[in-house]
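Common to both upcoming complexes is chain A, partnered first by chain B, then by chain C.
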Partner chain A sequence: MSARKNPMDTKLQENPEKRMFRIPDLRQGIKRIMVSEYFVLYLSILWFIVMLPVIPNIASSRNLNNIFDFIWPLLAVCVGQTLVLLIAGIDLSQISVIGMTSVIGALFMSNRIDPNVLSDSPLWGTVISENGGIMANSMWAVPVGILMMLLVGSLIGLINGYFIAKLKMPPFMVTLVTQLFVYNLAIFLTKSNNIIGIPKAFTEIGKGKIGFIPVAMIITIVLCVLSQLLLSKTVLGKWIYAVGSNVKASVVSGVPRDGVIMFVYAFSGFCAAFASVIYSGRLEMGRPTLGQTLLMDIVGATIIGGTSMFGGKGKVLWTFFGVLFFVLLTNVLNLFNLDTFTINIVKGLIILLAALFDVIRTKIQANDTKVEKAGA
Partner chain B sequence: MSEYILQLKNISKYFFGVPALKNINLELRKGKMLGLIGENGAGKSTMMNIIGGVIKADEGSMVLKGEEYQPDGPGEATDAGITFIHQELNLFTNLSIEENIYISSFPTIGRLPVISKGAIRTKTRELLDSIDLKLSPDILVEKLSPGERQLVEIAKALSSKPDIIIFDEPTTSLTARETKKLFELINKLRDQGISMIYISHILDDVLNLVDDIVVLKDGEVTDKGAKQDFSIQRMVSSMVGRDLEQMYPERTSKPSNEVVLEVSNLSQSGTIHDVSFKLHKGEILGVFGLMGSGRTEMARIIFGLDPYESGEIAVDGKKITKSSPQNSIRNRIAFVTENRREEGLLMHSTILDNIQLVSLREYAKTILKIVDSKKVTESIKDVVKMLKVKSGPVEKTAPKSLSGGNQQKVVIGKWVMAKPKIFMVDEPTRGIDVGAKYEVYTILNQFASEGSGVLIISSEIEELIGVCDRILVMSKGEIVGEFSASEFDKERIVGSAFRQNVRC
Partner chain C sequence: MKRYLALAVALIMVVTIFAGCGSTKAPDKAAESKSETTAAKTDAKKEITIAFLFQDLETEFWVAGHKAITETLKAKGIKVIERNANEDANKQLEQAKDVIAQKVDGIIIIPQDGESAVAISKVCNEAGVPIGVFNRPPSNKDAKSLVVVANNEKIAEQAVGYMAEEAKKLNKKMKPLIMVGDLGDPNAVGRKKGFYNVIEKNPDLFEKPIEVPTKWDAPTALANLKSAMQANPNVDFIFTSSDFLYPQIKSVLEPMGKWKKIGEPGHVMLAGLDGDSTAGRLMDEGYVDATGVQDLYYEAQALLDAMLDAISKGDKTPNQWIDDPGFALTQANMKDRRLDMWGNKLRKDKGEIK
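Up next is the complex of A and B:
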């Protein structure tokens, strides 16, 4: 601030009235809040406070629990999407990975399956039967089931990554096709039916608590912290940012571009499967259509957090703020008893506003550096 | 009316209290050309931005054609008859020549919102004829050479019938022949009465081309006068504020006989053919060639960025079997690419992120590959100090806010971190100022004296003669000449680059 004394002083002497309004200070303050990385968090808090008198219900413990229940699984998927956006990609297949891995988990873990519901399934008699899934009633059913879910999720992501990195296909196209393919495969395997009979040990991950703290919260936060450490502390993390900032320069600098891309998409699939563990546990079933309505929430929340769609800019923490804001917003709309269409219209508008804010913030930051450069 | 078409009177500009321009007085004579020189950061761009209406001066006034001139935005500057030719071309490569020229003011059919194709075609043809560019108006710009694009840019400028054209480093991406053509055109425009301001780091060109010269240093005019009174020596000393005895640092060491890089019969159809040479430890080897001679392609192949069909590359006598950038880095080969914006820098990341990128793996020995950020930051600070990078804190400053010379130092720093024994640099001093050039040469010298082999690709022959022990000449993908220091002769080297059949 002291550095700009010189011209400011001369200007203020010319227009003494200006000094009284202190307009520059207020403007500087707003600017600083807008470019702050906690901007979305401030926005969430503001939203909460403004809504409190309108719907006091928002602060009831039941509603707060409800809000956080929504946050954790969505956050897990968004962490994966964050990494994909960091390398200037996009993963549209996550929603289908959620449904597919939900089915996969049930195929392994279910203890009893109703023949009336699933005897049409192509897997009937081989993989599943009236006695349940592959590992029905085994003590290893839950760990193996979860492992298979995560494995299948990562594998689908890896296939995406292979097509994008090695065959140089556009991520939008590849993941859109994967979304369609995986979704319909899950429907085909189950004839669009839900698989019930999931062991209690599994459903506890989605619904259970250790003391006051939900299990879903603990494991999601662990995932977030590990992801952020990966991004900020490891060689791979630096490579991810580098590939997102400038692919050509990264390749010249010896960054294994293809490996980085394949890892990121595999990780994105992993995160979707991770969320699927929580979602499926809450539903107590394997559901092929699970996650299908989430695409806008995933991409929207991640972008609201401030992760750039053009790559190279983003953090897990930002995504957390984005998810928090998005869930709060949805929650309020729900409390107003609005119908789904209205909710989605408002959500869409908010995502648009978030994108607009991103543009403005980038502009402010760019202007600041331009001035610095010219002044140097 | 006075003899001046544009006058700047006591112009000053501050950014956050830091003066970028101090009391600038400058006159552009009608129908004449003014050369504006100065190191990067001397205030040239700020001054041009004020003239072009991009920013406003804090103090002082401007007089254009005898009237007070206070442009409010670039549009008003264009309307007042001032146009720019920028260093980075602002053409849309996916559009045709005619569409580029009329992009901001398409003529329409009557009052309908429909472009009159016929009108822009005839007008474009007239414009292209007037600058002797024999191209069809409907060719896409992406199909044009950099030189042709520059001429299209000029045609675009001429379409607004300007009184003043400002050129900012127009020759950086042009070959010698294209540059010559551009200069002929510039002289023709002057004969037509157009006044021009020419900004360039290539002092020879400025001296040959302009009528008057103004030298800027640290936001002040340190020297000005008629061209006849100026010599290169005087220009340089006014620019850097001290006498620069030599443009090139003294070599302190001699190359050894040990070969560090041997390339034999390297071929790739369409780019290079049967390229063989040896690079010795402690040697600075220059590669001279025109654009498209295969010099950059050769370096890319050696570094493993592009494939090759036949031939052999050996480092320290060991044949390279699998060629990739990762392997090259493991073999301690460095490659500073010619285009630092596109292939050199992460423009929006920090200097720290840029410099550590190549050597990350060496600072992460554990299985989890966690980077020892304390150690890496220390090493980077050493490198930044050694290279004299002028910047804010390395953890916060992004390369996009640095001058060209400092950006190049960041790219070089990235490779210095990797301690290379083969240092390949492609056009290392393009678009950077005299002082920074000298520093880049010093760094390369230092590497040679420590026993590394240095390979410099350049289209500036003076530079190669100034710093190299030996020069190879490439033309049409082949090595057509080799000159050792005692045989250096500008005419012969350039001649062999143009005529493939003259073997030396």
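Up next is the complex of A and C:
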């Protein structure tokens, strides 16, 4: 087999003098950067550096603190979405899982509930009362509350996964219905009211620091590392990529497709509940409407990171880069004092560009693969 | 190699950031003490920046409140940074942190609810930025803030009390209905209490009231009111916790043949609270019996005065509750007090009334 000749090399051979002044192939360079898995990180750094002279305040300690404060809960929920996108799915129910688990946690942990606010709740007198939630004032309230939040989140995800895997229903439809159902159930249980009286031990997860490192950062990084290890070092991780790359081939190869799908959606619900722990801690309340405006941020940041909507391609590290860029972008738009509508329009355009970019990258990589095969 | 280089760059970035995070408080405190010592000298020259964070502008009350606050601030030469949270409490918390990073001199918020007002006030207290809460008070006093709020219970009691006195003239037992606001908002709780104070004072006049939850949301209110009226067509006494729901009330009562003027057979007694232009118009036309009025312009001015006073004194955590006594505009006092209602002032500005 003959190797493919580079047209540029042929020209240079024809004119050896030009070899001395060979300039780097710009197209190849751009292509290499575009397909680089660190592209979004480079973009974030570039964005930060370019904006620095325009908005010096961007580098103030408080602003940097804010940026990294906003990243962690969003990153946690995006990690779950990453795995779902890896199997070419979508989870629209995450935002409602955040609200529902926020309520569930508060129902267990709250130490005082205002009867004026919640006496109309169907749970009043049985699960909650003026004295608080199920485990009010117990030393186990916080761990049990968090455990229940994570369990409920995982269970909702598992139900999504069951319908998608076993009944072969479209993920978009299943998770959309779950989103509506779970959201309205949370509203029904609380009559749309917030549950306060959350113990300080819980709020510290959202707001507290160990030394100068935020607790939210520590736990989210642990989640990310474990998730990445799951993807890169375990058989389950390989199955996830396999299902996303080519579902038929994966089934033929013996991958338990249904089990993988159910696990991924359960994990997505788990991650949403995980984020809910941080968000609820920050706001010091169980809030049924918590997370309702986050869908664009979750899907957008994950896609910007480079996780493909077509499945089979993505990493937790990329999602971190995507969230970093997304939060940085929002922060800059805020520092420009733009109104909310303009900010949302710009964010929407960036997400659209990221989705377009995903298509271009996929094409480039497919072409490269073809060239390599032809050259082999 | 490239991989390690990229990770190194990322690591440097994170370390830089944490170096910043670690020193967040120290320089701020230093800056604070420095600014306090020079405050008297520089305050007169320094441009004051106030951030105005609002949950949304979905009713005429909030639109008018927004206009009153921003125009007053700008007229005083104060730079205003505006943020709309689109009814997302978490977003409003993040917006508060954002504007604190921009070193604003003060923050005025219309919070999503009383609980989020507390959470945001705590963040402002920690950062040493004065915060003023407009019209929707914190649900508890865990944090320090300037709060201006109408005495909702008293105003509601006055409006419903007038209706009760008028109802007594009919010599029959009334079937009352209250459209309840979002009970996470202390305003809604106060209005509900005011309504029940009157009901409980007149046990012979009223049957057991029907409660219609609205969540301060027009479609929710419409759906729930429709169901309630179908189940209880004998309702003849309605109090809406906010005037912005009159269009929904009309669209339910009209097909039932119950949208009648005062004095006409089948008139359903109506009262509300806020004092918007729709209520003013309906009172002029004779459909509404009374409306509780919040003095919007007084509230905006009083909050701004308190905020500017705190800034000039260098008070980082002012704590003051400013009460708007309000009043009830009724068919009986319309001649004297019609133009004291902010909704009617808006109508006058538009040339709709004289």
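As a working rule, the second predicted complex is superposed on the first by the 355 of 376 C-alpha atoms of A that agree within 3 Å, B and C clash if a C-alpha of one lies under 4 Å from a C-alpha of the other, contacts with A are read in each partner's own complex, and residues count from 1 in each chain.
Here, a contact is a pair of C-beta atoms (placed from the backbone, for glycine too) under 8 Å apart; a residue touches a chain by one contact, two chains touch by 3 or more.
From a predicted model like this one, the values you see are computed outputs, not experimental measurements.
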*Clash or fit: chain B and chain C on chain A?*
fit
*Which partner, chain B or chain C, is in contact with more residues of chain A?*
C
*Take the Cα centre of chain A as the vertex and report the angle out to the centres of chain B and chain C, nearest 10 degrees.*
140
*asked:* According to the stated criteria, A:287 is in contact with first (chain B), second (chain C), both, or neither; which is it?
replied: second
_Applying the document's definition of touch, where does A:335 land relative to chain B and chain C: first, second, both, or neither?_
second
_Just checking: does A:312 make contact with chain B only, chain C only, both, or neither of them? Give me first, second, both or neither._
first
*Now for A:251: first (chain B), second (chain C), both, or neither, which partner does it touch?*
first
*Determine the nearest approach in Å between the Cα atoms of chain B and those of chain C after overlaying the two structures.*
16
*Following superposition on chain A, which residues of chain A contact chain B and also contact chain C?*
none
*Touching residues (chain side chain B, partner chain A) in the complex*: 14-18, 20, 41, 45-46, 58, 303, 305, 325-326, 328-329, 335, 337, 342-349, 353, 356-358, 360-361, 364, 368-371, 373, 390, 392, 398, 400-402, 414
*Within their complex, state which residues of chain A touch chain B.*
3-8, 233-236, 238-239, 241-242, 245-246, 248-256, 312-313, 369-376
*For chain A, which residues are in contact with chain C within the complex?*
36, 38, 41-42, 45, 48, 57, 59-70, 114, 116-117, 120, 191-194, 196, 212-214, 279, 282-285, 287, 289-293, 331, 334-335, 337, 339-340
*Quick one: in the complex, what on chain C touches chain A?*
2-3, 6, 9-10, 13, 16-18, 20-24, 27-28, 81-91, 93-95, 97-98, 100-103, 113, 115-116, 118-119, 127, 139-140, 182-184, 189, 213, 215
